[in-house]
Structures are given as structure tokens and as C-alpha cells.
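Sharing a structure with you now.
Labels A, B, C and D are assigned to the chains in the order they are written; within every chain, residues are numbered from 1.
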Amino acid sequence: MNQGVKIATIGGGSSYTPELMEGFIKRYEELPISEIWLVDIEAGKEKLAIVGAMAQRMWDASPYDVKIHLTLDREAALKDADFVTTQFRVGLLEARIKDERIPAYYGMLGQETNGPGGIFKALRTVPIILEIVEDMKRLCPDAWLINFANPSGMVTEAIVRYGKWEKVIGLCNVPVMATMIEPALIGKNPDELIYKFAGLNHFHWHKVADNHGNDVTMDIIEKMYEEDNGLPKNIFDIPFYHEQLEQMKMIPCGYHRYYYRQEEMLEHALEEYQTIGTRAQQVKQTETELFELYKDPALNYKPEQLQQRGGAYYSDAACETIASIYANKNTQLVVSTKNDGAVPDLPADCVVEVTAYVGGQGARNVAFGTLPTAERGWLQVMKAMELLTIEAAVTGDYNTVLQAFTINPLIPSGKTAKRVMDELFIAHKEYLPNFKATIEKLMAEGIEVQDQVASHLDLIEV
Amino acid sequence: MNQGVKIATIGGGSSYTPELMEGFIKRYEELPISEIWLVDIEAGKEKLAIVGAMAQRMWDASPYDVKIHLTLDREAALKDADFVTTQFRVGLLEARIKDERIPAYYGMLGQETNGPGGIFKALRTVPIILEIVEDMKRLCPDAWLINFANPSGMVTEAIVRYGKWEKVIGLCNVPVMATMIEPALIGKNPDELIYKFAGLNHFHWHKVADNHGNDVTMDIIEKMYEEDNGLPKNIFDIPFYHEQLEQMKMIPCGYHRYYYRQEEMLEHALEEYQTIGTRAQQVKQTETELFELYKDPALNYKPEQLQQRGGAYYSDAACETIASIYANKNTQLVVSTKNDGAVPDLPADCVVEVTAYVGGQGARNVAFGTLPTAERGWLQVMKAMELLTIEAAVTGDYNTVLQAFTINPLIPSGKTAKRVMDELFIAHKEYLPNFKATIEKLMAEGIEVQDQVASHLDLIEV
Amino acid sequence: MNQGVKIATIGGGSSYTPELMEGFIKRYEELPISEIWLVDIEAGKEKLAIVGAMAQRMWDASPYDVKIHLTLDREAALKDADFVTTQFRVGLLEARIKDERIPAYYGMLGQETNGPGGIFKALRTVPIILEIVEDMKRLCPDAWLINFANPSGMVTEAIVRYGKWEKVIGLCNVPVMATMIEPALIGKNPDELIYKFAGLNHFHWHKVADNHGNDVTMDIIEKMYEEDNGLPKNIFDIPFYHEQLEQMKMIPCGYHRYYYRQEEMLEHALEEYQTIGTRAQQVKQTETELFELYKDPALNYKPEQLQQRGGAYYSDAACETIASIYANKNTQLVVSTKNDGAVPDLPADCVVEVTAYVGGQGARNVAFGTLPTAERGWLQVMKAMELLTIEAAVTGDYNTVLQAFTINPLIPSGKTAKRVMDELFIAHKEYLPNFKATIEKLMAEGIEVQDQVASHLDLIEV
Amino acid sequence: MNQGVKIATIGGGSSYTPELMEGFIKRYEELPISEIWLVDIEAGKEKLAIVGAMAQRMWDASPYDVKIHLTLDREAALKDADFVTTQFRVGLLEARIKDERIPAYYGMLGQETNGPGGIFKALRTVPIILEIVEDMKRLCPDAWLINFANPSGMVTEAIVRYGKWEKVIGLCNVPVMATMIEPALIGKNPDELIYKFAGLNHFHWHKVADNHGNDVTMDIIEKMYEEDNGLPKNIFDIPFYHEQLEQMKMIPCGYHRYYYRQEEMLEHALEEYQTIGTRAQQVKQTETELFELYKDPALNYKPEQLQQRGGAYYSDAACETIASIYANKNTQLVVSTKNDGAVPDLPADCVVEVTAYVGGQGARNVAFGTLPTAERGWLQVMKAMELLTIEAAVTGDYNTVLQAFTINPLIPSGKTAKRVMDELFIAHKEYLPNFKATIEKLMAEGIEVQDQVASHLDLIEV
């Protein structure tokens, strides 16, 4: 690597950037950064300026001399970078709002990672990430790509499968949360427990042992169901069925509630949709507030409010990953990475999310062994759904998207699902150039997009 | 084999029995039957007497001297049998009516083969079939078991996996229907087309070629969508999405409409539920009429009305299977059988439904090759659902049933699903001895079974 | 297909051609051939003329009007062909003689199909077959390729894997022999037994059942070891260990003696090498005699002597395969074909040799199920050896050939093996254009080819 | 775990014991041992006394108060043990001498781990280790079993597969050696390189990267072939073919020379056999000398000569493994352990030898990913050979041993191999009770064991 480390952050105008800066400052001794390039697109120019100034203030307040470069020129940012991080959002929060509101109008979950929303997010994001990979091949062929553009698992799979780029690690803060919250439930410190995760992004399970190797998974599960367990009340407000976890003998991730308590999660989403707005709308409000804060020329540290943004620990995971690769630290992390057999129920060449020791070679996955019947079956259908989505993103084939919708367990198949899909195509037309012909055909059919709040919703509500 | 062939039919009092007799009479020259034992339980005694007399009249009207034995003594029937056929229905149609009506009350599909109804049908049936297998080990260890007790695929899997009995073939009339109807669509005779099926019972796909080996699957699909294709109007009244079949390049089975057009199938089921009654109720009406006909001492041939019963060709498939084994005929049939690699996306030791050449050794499965992504994923989750159901039937574990419900793509998970499940447990309590403790607990909770027509249903309807 | 069937035979000057003609004449009613093109290369011109005239005489003596075309122009022969058969031998028998004699000089088995000789035969043959496939794509894209150029399994694998041509069936007479000889051992006719083969070309096993489905494999094995079993004495003159077959409960093919009785087979080969000449030398003598016979303008039928040529039934298998495809006969044959799961211990996309029903769509493989431990292990290493050889044939990589030699269980690794390999490269230099640089380097090292009889052999003999 | 750690060492009279003691003393601060039980059998009583006294002297010379218990009562030793280490040798070095000399008499490699010798070593050892596991289930059900009884991989597989005991780690010093020697070749310290191993015991490959993740495997390979690379001259005196390693792009283990240079390794073994004695004879001499040293009441440290014993680092690996489990250290080690997908070319439930992070839960295997064609094929046949050997050890089936011999790539199949096998059965008759009937039958045939030096050997030599 060159003198100091060069970081390029695609989507640098994101509200997360200060968290990323905090993480880098904290790790400067082991990760001697010399320059950080924040790159964004024309539409994000203003936010980039605000957050970029804020980032520079944070470094200036630190003992370290690091220069923040702000640019709309991706090539300049990538040139000779050592690490590229991706946190961009094609179509910004506006697009995610549509991902959630159009399904909601029809009484359906939008679910921005694995549901209809997640499928369209992938369709928008995959072509861009593959462009970035092509740039990297030219401009920084030795760099590591640290992805936290969502849906993180599918994006990482696209990078490996279609981009043919293996120096990539996909990140998510969900596993970090579990490992931070659970130990306290059974009176332990995080370093007294041994974790083993397996599955896909937002669709994984884990087992926990104490440091003598005794399985304590069921102990943690029991504590989850106790009244005064000290957990933030909203975290388990729609609990898993105890009977199901007893059979499973593993802990599912929070997103599994969409699959294991589909009915209640749908009710909850529709209630928000009709009252305080969908999750994306709430996040947008928070973001607006955050950017107001960032404008304050006196603010030179990560504000408390960012924590509530939803992606807590996300950037921390990114910084730790980068430092672990740079300093060959062999840190245990949970990452999206090429399987290589770690989850033997899936092909060795697909991307999974597993516990890995991260060091100079990237992720060294911990082999999990075969999953029990129920989880194996569901994992296999979810991976198929992911592969169809990614393939469609590359080929622009409408029928393949229809197949992804059909096999997605969150989407009841039929005319409403197809209608939702068609509206999403039209709603996102400027971000789906590969589907140009399809979308023109749909528009010619006179399909209207319903992203207002449905007045007929009390009829829909289950 | 002994002098003449001995057939034992468990559930001999079924309305299908005359069709079975017709099939045997037609094939007597290649399958020289000497005796047929129709066995049933106390509750089916009367129907056994009626249908048994009718069966004897059919043989008496034939040139062949075959004796029908009617008995409630299963052991006597099995003793030295060459072929055992199973067509029993634990709890009779009354149980199936509950399988359909309880979910319908909550606005959910009952689906008596792969849905909630099918799961409970398997829970009731698997323990009985395993008892029969144990009897066979003692009484007719060289016999072949030809199963068409439903859900046929799960029952066959239980026989192989838990019964450790390999001389079994599971049957279904669905593939037969496809091979009879489709050729005419493209102006061919059945023997001019080459079929290859793969999947699970009520969950398979097929490809078709002409006898020069040219794939004609898409030609048939196109014809399915033409206005005047000559098909009975009800068969494709809820068609698959053309776009989906284009991507698939295979023809799904009729039951796939539950998965590919879940919304419409649910609407249709709820409409019937509130008007003419669920499918089981309709079948019960037909059965009552059939038994009235069977009482006529002048009737000595299969009446036309049986054809409309729904299981057309079922018994024909059974007779052809038996004759093919007996005479080593190498007939092409679609059967449930141990995979052995024919569907490489599933383990070699599980049961699949595939094209096979049936002869003296049973089924010689045609290797289908790997399935495309979408079908592979769904097949894997469905097989997991089946395995969980069968395991639960054997162990009596409530939690495992909950897992089967949860991963079943036809069942939206959550409180309503659990409620439906709990009511089904109580409704079938006399047929689920392995779940005695569970059911007592549920009853103690005061759960009431809702199998009346729901007065609140206009609220539920989607 | 066009009016009458057009057959193109690459390597038409082979001594087998009359057998092929006999097979076609016998099947004319179901396979109405209109023209046969025999194509060969300049070096085979004279033999082509002799055997071509003989072939025309055979048809003229038949009731059918079929024209034999002789040509050195492969394109003309392939143009609009319905079936292409390949029976060519790159470098003729002279090359095979070197394949056998160079290893023998060093006390090693040549083994022209799976040993060092077979590896070099594949290296010479694969590039040519891939050229033919490219021609077929242009000139007869709907034709079937029926390959019996050896090593038949590797050549077929190359056609599917690198040629991307799926309408191919690879043939071998070894399984035919087994099904003709074995029934008599237990007093049965061939049509009273049910065969199931699995493995690779010259490396497969089979199980046998009677037509009631009872396994009779061990009965046949027992008879093989009886003194007066009526078998030609030379067939089992080096028998398998009875103990091994007891454990296996399957019948290996004759070529397995090279693997199961390596020591004795080597002794036998070396003895022939020093006395009557290697197998190829013997065959060459027979061929010379055959061509003398063929010259006789009165000979218009297959002479008896051809039977002893070694490939008995080979051409019969080819004709039966072609007729079965043409008339969609669903004949049971043992063929090299894409696995598709039939042998679940190998990848679904590689070529295996299995029982299949051959009809309009080509081979419909019978799923064999998993193999026992010993056979599974060996099958997997042999398939790896085949894949390395084929890859090397395409890439021209010397090191990959060295790996194929090293893992081949017939070749003791080390300096002698490498020397044999290097000499074989030089000996076949004109037929290995992909290895031009390698061979020049070896020649520059002054390596001399030892294909004379070794005077030092009593030192070598084990 | 109880107050202090209790270690039980089966085969405590081994000459390795002082090394084990040294390792424990060095790690006392992290592994606070309170008692060590050295257990041996009657035949080893004298050696146990000598080495036991020596062990006690070593602890007495340390700052720690640890009591050595010497016993012939295995149950007393196992009772409440925290760690059980196994280093016993059924039949002592005398048995290994026969394993080597009988094959050598017939010009065949004995190879005490994977060759004929290794097969018989496993046949002797597996039944004993399964007895120990049964004892552990009763006496110390929470203990970890650290096996370094050879053949370590097969013994570990037997413990997991037949003993159903998962808390086991199998060890070998071969990978340790590689990681100690190789870094210096390219001017690095061991902690600057990242290793990834995959395969089976004495049959694995590895890849190496620097701590920036750059693959340096080929750099190390190049240095191995340089004249003045500083390596002990005997280590690479029979080098691998450079061309082979170029194709492999991995480094094989030293034992691979038996497979990749079989001819030269056989020559070397036969030369030793005829001159200085086989490896076991040499080791026996060293052992005799070591025990002479151990008798010295002044000796209270591991003598230099032990280093040359051949198993250098073996005990160090064992002590580090135990300390890592006890203190949840997550140390990178190469161990035999249940695959769980780490080597996706082998079943997830078999034992492999891979890089793992060892901590409180035992081994967390690093997923290696699929192997290249050549290595995959050979790995699969070797695992099959192992499984057959272990199965035979449990069932006592002669025919299964014959199959293991036949598929073993080190053994040329045929009459000599079978003769060697039969003699080995007789030679080890007292240690093979499961094969009693077989051996009596062989003895009745008058087979004589040839373990003297063959006078006819100049005839054999290749």
C-alpha cells in the first residue's frame, strides 16, 4: 500500500458519513489514513458540501492530519484508492418511500431489503455497483470494496458473480446489534460469548456458546421472553413464537419477524403508513434534522441523534473491517462474503452472511455446518429469490422479476402482486435503464402509480 | 409370486373401488388376479358392503373368475398379498371438510394436499401407513405397496424414510391428466410426445418434446392461452401468468396455481365456501350420489358419474402400475419414488415425483437434471415443509408442525395461522393420538373450533 | 428430417464399416436411409476405397437402394446429415502401438483407454472432435452425433463441455457384452433380466435383477467363478477377487481388472509385448487380413473374422442407437451421456456411462442412486483424471497432463512415469499441435523415444 | 471445570511425554493444571515408570505444584478429567516395524499412515479408541479428547462417526512444520504470513498469503527449488515436480511425496530396509536411547535428542490446543475435525484436516472453498479409503479391508497386495480381535509371515 491509506467513499454525502469519520479517527493508530475522498452525484451536491465540511471539522478536531476531498468525479476518487466504501442509495430516500408506499397502498409489505421494495432496490443498485467495479478494475485494481449499499447481500453477490471481483466484503449492522444486546441478558460481557452466524443478509440465524463451549442459545432465548429483561421495548414488541425458537434452537435475526410473524408485521406497517408514515418517511424526517445539525459550523463530533437513525454500528462495522484487513487483525465479524462451503446447504460459489475472521486476506469464513430442515428450506428459496433478482437487474428481463416476486415468501402471488410490481417499475423508471422497453409498454397500458395514502385502506386492512 | 395374484386394498369401501375394478378387468390378461381383498374399518362397514357387492357384480359380468373378499380384518387381507393398494382416508371426508372450512373461516386456503389441510391430512395418515408397513413386514414381505392415500408424496416419503420400505410407488392422477389433454392442443396423439416430469407430488413441472426430440413445451403453452383451444373451460379458468411460463420454459402442474396465483385461488375458495360449499363438501355430495347408484343391483359397470369425482385416471394409474411391475412392462409413468439423483437439486434419498419406467424392479427414474433457479428454490422449501410435517407426525411434536406451517408458502405466518393450526389440532383430536398432550393443553385453553360458515366473511374477503 | 436419412461417418475407411452397414441393412424398415457418406483423410484414402466398395456391394446385395458416397471432403459429408458417426483414430493403429509400447518398455501398462495410452489418445482426438462439432454447427445443426471414437467417455465429455453440443451419445460395446453373456450363466434369456449400469466409460459397475425385481447380481457372480460356466476361457482368465465382488455386490466391467488386478494385468501385457506383440500390434495384423478379404469383389457380407476384431457389437450398438432416436423406440442401452443426476456422486453436468432409454430426445438416463464408498471414491478420482486430460487437450498445458498422469491409479508416479509421458509427447508430435512448444523443448533436451522391444526387460519384469 | 485442570494421557509411557510436560509448564499461567494422570498398559509399565519419574522431575524443577499420577487403571485416570490426550500405539513400535517390513519384503511401501501400514494401524487402533470414548461418556462426559494417536485423521473420524463424540480434535505436527520453515524462505516471520490448509491428515495442501492478502504461494515454491535455500538438506531430497506445483498453485504436505513421487519413495524405503532398517526400526533405536537418558535422575528438562524423534512440535500442538480451548484463545491451528463444509468437496459430516481457530467451542474451521480438479479427485478417493478402513475396523469384515487396499493409490492391486494384507493380518493377530475368524482361516491356509530382510531383494528393486 502507498504511504498513507486512501479511502474513497461512494455516496459520501450520506448522513452516515460522520459516523464513518468517528470510526476512522478512533482507529487512526492502526489505520493511518492520509486522505478521504467523498464522492457523490450532482443531485447530492448540496448534502455532500454540508456533510463534507462537517467531516473535515471532525478530523481537524482530532490529533490527525487528514484531508477530506469532496468531488462529483468518481474516477478521481477511485484513482489509487486502498479501500472503497459504498453507501449510496440510487434515487435517494424518495425511491425507498415509493418502495414502501406503493405496496402499502395495496395492503402489502414493502420491506426494503427482502420484500418487493428490496427487489426494486436491488434492480436499481446492481447496475451502478457493477459500473463502480469496472472503474475499480482500471483505477485501483488492488483495492478492497467494502459495501454497505443495501440490499447488502444481493449487492455483494452481484459484485462477486457478475463483477467477478473477489476483494469485497458486504456489511450489515444487524448481527452487531445481536452481539451487543444479548450477552447482558444472561449476565455476560460480549467477550465471554462465542457466536456463530449463518444465512443471508437480513436472513440469518445464530448460535451462542459461553467461553467454555457450552451452548447458551436457549438461555438467551428464555431471557428474551422475560418481562423485565432490560431490552429496549420496541426491539421485541412483536416477538417470535417461543415454540418456534424451541424447535429451532437458534436465534433468528430481527428481520425474520417479517417471515415468522408476517401478519403482525403487515398490520404494523399499514398502521404506520396510515399514521406517522412508512419507515422511509420517518427516516427522511430524521435525515432532514441531521443535516440541519451538520450545518452548524461549531459541530465537530458525531451528534447523538445519528444513533437513532437506524443504522447504528453500521459504520463502526465498516471501519473495523477496514482496519482488520489493513492490520491483518483477524477480528471476528459477521459479513457477506463468498460462501466457500461455510454454509454447506448453499452452493460454494454464492454469497452468504456468516461469522468470519477478517484479516489481510479478507474474510476467513467459519464453517457453520448443515442447517436444520426448516431453516435449510427457507434459506434455499431466499437465495433463489436473490439470484433471480440480480440476474434480472443485469439482463433487464421483466419475467425474471415476476419469478422473483412469485417465489418471495413475503409476497402473496397473484394480480395484486403483479400490479404492485408494475407500478414500481413505472415509479422508478429513471433508475431502471435496463428495463426501458418494459416500462414504456407498462406506461402505454395506462397503469397509474398509487403512492398516495389509500383512502380505501380500511377495506384492505386485515 | 403365487398361483394367481392377490390384491389387498386398504380403504376398500372407497367410491373409487369400481374404477379400480374396471382397471383390473381391462388388464386381466397381463395381470391374472385370483383374489381381491377389500378391507375397511368399522366406520366404513356399510359403504364397504355396498361397493364390495358392486365390485363383485363387475367381475361377474366379466369373463374372469375373481373373488372379492370383504373384511374388517386387515391382517387377513394382507396375508400373502402380492400387491397392497392404499386409498384410505383417515377421518373420512368429514375430516377433509374441517381441513378446508377452519382455514376458510379465517380467510385462509385449506388446500388439502400441500396447505394447512394437507399438513393435517399427513399428520393423520402417516402413523396409520407406518402401521400398515409393519404389518406388511410380517405378513407379505415381498409385496409391493401402491399408495394413493393423500397427500401421496408425503405418505410415500414416510413409507421410505421411517417405514424403511422400498418396494413402494406413490401415485397421483395429475400428471396423467396433463399427458392426456396437452397433445390435442398441438394436434398430436399422446404417443407422439415425450414427457419429462420432475418435482414433488402436486408440485412438479414438465417439459414436452415431439418424437423427433424437438422441444414443444412453448408451443403447448401458447395454445393454452388461445381462446378456442378446446379445453374444458374450468381447467384454465385461473390461468398462470404467461410471462411466468415464458421464463420457466416448463409447464407447472394445476396445483401450482395455488402458489403462482395465490390471491385468486383464495378468492375462489372463499366464494365457494360461502356459497356451494368447499371442495370437500361438493365431493361428499357426489359420493352420496355415487353410493346411491352403487346400491342398484343391476349396476355392474363403472358409472359415468364417477368420472366427475375428481380423481379420474387415479385408479387407472394404479392398475397400470401394478400390471407394469407384474409383467415387467417398462411403462412410462409419473410416480412418487426414491429420488436416487433424478432431481439432483434434492437429496438422493428423499421421495420425488418424476417420470419413470415402471417394471419388475419398480420405478427406474428418468434423470431430469438441475432445475432453473426459481423452481429449484421453491422445490427445496416445499420438500423441507414435507419433511417437517412427516417428522412431526412421527414424533408428535407441536413445535415442528408450527415450523411446517411457517415455512409453507401458502400460509401467511402469524397469529391467524397459529390459531388455525390450533383449531385443526382440536378438530382432529381423535385421529392424532401422537399429539394427545398437546391437544389436551389447547383444549384447556378454551380454544373453540370455528368450522361453521363465518358470518363475518365479507370483512375478510380480499 | 429430410426425405430419407443421411448418415455421415467420419473415419469411414475403418475396418468396422462393414459391421455398421450390416446393422443399417438389418434396420432399414425402421430407419429408411437414403445416403451414407464415408469420409476419411488423405492417409486413409486407399482403405476408404476398399471398404467403401465393399460397403456398396453389401447394400447392392440387399433389397434396398442406398448410395455410398466416398469422400475426403468432410464438409460435403456433413452437409445436411441427420446422423454423424465418428469412428476415426488419429494417427491410426501406429499411434496406438506407440501408446502401448513406450510404457511397456519401462515396465508400465499402456492401456489405451484409461492408462497413459488413453490419455494420449484423448490428447490427439479431442481437438479433432471439437473441429467436427464446429463444422456440424454450420452444416447440420440438427444432427445427432454418435461417437465411438475412443476414449469414448472422454471424447463425449469434451463434446458436451467444450463443444457445447448436447445432441451426442457416446457408445461402447463393453456393456453390451455383459448383457449378452451373463443371462446364460443363470439360465435366463437376456429379456428376462433387468440391468442397471453406472460409472464412466470402461469404468462402470452394474446390478442385475430378474423380471420380478429380485436382485440376482450375486447369483451371476457365483456362476462366474464356477469351473464349467460355459464362458469363453479368455474372458475371465484373470478373475476378480471373489471377496471383493462380495463386498461390492455389483459386477465391475472387464476393464476394471486393470484396477483390481493391476499386477497380473501388467505381467500379462509385458508378456505379450515381448512375445506376440501388444494388443494394438495384434489388432493391426487382424486389420491387414480384413482388408485383404474386403478387396474380394465377391464379398458382399460382413466376414466372420470381423467378429474377432475386438469391437464386436460396437457397430450394432451404434445402429440401434440411431434407429432408436429416429423411431423414438425407447430402447434400453448403456451410453455415455450428460449425467443429469443419474450418478449423484458426480456433478450433474459431467458425462457418465449409464443405462438409458434412448428415443427421439436422445438418452433418458436411469437414476442409479449413490454408489457404495469404494466405488464412489474411485469413480470420483477417475472423473477428475478425465477432466484434467480433456482440459489439457484444449489448453495444451504440459503441467495439466502431468497431473492427469499423477492421479491416474494405473500409473505409479515418479521419474519413470514422467519419462514415459515425455517420450509419448515426442512420439506423437505431429498429432499434438497444441503442445508444439512443449514438444520442441523436450526434443531439445535430447529425449529419445524407446518403442523398440526392450532388451533389458527381464530386469524390469515384476 | 473444576478447581484446577485435570489431564489424563492415554499412552503416558510414550517417549513424547517429556515434550508434553514442557509444553504444559510453558503454558501454566493460562492453563492452570492441578493433576496429570499418565496411564498405560501392563506391557508399558516399565517405560511408564521411567518417563513418569522424569515428568515429575520436570514439574518439580518448575515453579508449579503439579502432581503426576502413574497408573494402569484407565478408569481412574479418566474420572473427571478435563482433557484426555491419546498418544498410545497398539502393539508398540514392534507392530509398526511389521507394518513396514512385511510390505517391504514384497517390494511395496509400508507407509505407516496412509499405506498398508496405516490401514493396519487403524484396524488396531480404532476399536481401542472407541472403548476409550465409551469410558469417557461415563467418567468425564464434558471432557475434550485431544487425539494424536496415529493415523490421526482416521482415528478422529472413527471417534466422531462411530463413537458419536464431537468434543474431539485430532492433531498432527506436519502442518506446524510447514508454517515454521516456509516463512524464512521468503524472508518473513511466521506472523507475517496467512495460511489456509485443506485436506486430510497427511494428505493436505495449503496456500499462503502475506499480511496484505497477496498470495505468495508460488514465491515459496520457487524458493524451495533454489540451491541455497537454507533448508535442512534431507527435507526436500526427493522434491516434487516443479511443473506439478505450478499447475497446483498450492503446497502439498511432505507425505504427498509418497503419492507424487511413488517410485522414488519406494526406492528410498527399500534401500533403508536393506541397510539401516525401516523408519520404525530407526525410531526404535532413538527411543531406546531416549529412555536411557530419561533414567538419569538428574535430567529434569526435555533433552535435545527428543527433537530428532520425528514428532517435533507434536506435543506443542497438543498443549497449545488444550490451552486455546481452556482459555478460549482463538488460536489458528491446523486440526482434524468435523468438516461442516470447510472442504465442500467432501461430505459435511466427515473429518477433514483444516486451518481452524481453536477456542472454547473447539475448532471453528476456516472454509477453504472448492479444490482444483486433481486435488479434489484424489482427496475423494483417499477419504473413501479411510472410511472403508474405519468401517472394517468396526465390523471386522475382511472384504472391506481388501477394498481399502484396492483403492489405495499407494498399493498396486493384485496378488502381492493381497499376500501382504494376509500376512499383516496374521502378524497382528493379537491386536485384531474383530478379525479373529478371518485370521484363523488365513493361518489354516499356512500363510507364513515374511518380516525378515528379503534375501531376494535385488530381484525386486526397480
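Note that a residue touches a chain if its C-beta (ideal position, glycine included) is under 8 Å from a C-beta of that chain, and two chains touch if they have at least 3 such contacts.
Chain labels with UniProt names: A, B, C, D = 6-phospho-beta-glucosidase.
What you are looking at is a predicted structure, and each value in this text was computed from that prediction instead of being measured.
In whole angstrom, the spacing between the mean C-alpha positions of chain A and chain D is 46. Once the centre of each chain is set as its mean CA position, chain A and chain C turn out to be 55 Å apart. Counting only residues that touch two or more partner chains, chain B has none.
If the chains shown are joined wherever they touch, the resulting network closes on itself as one ring, and no chain has more or fewer than two partners.
Going by the touch rule set out above, the chain pairs that meet are A-B, A-D, B-C, C-D. The part of chain D that touches chain A in the complex is made up of residues 1, 167, 194, 196, 209-213, 325, 328, 330, 332, 338-344, 348-349, 355, 357, 359-362, 364-370.
Residues of chain A that touch chain B in their complex: 107, 241, 243-244, 246-248, 259-266, 373-374, 376-378, 380-385, 387-388, 391, 397-400, 402-404, 406-407, 409, 412-418, 462.
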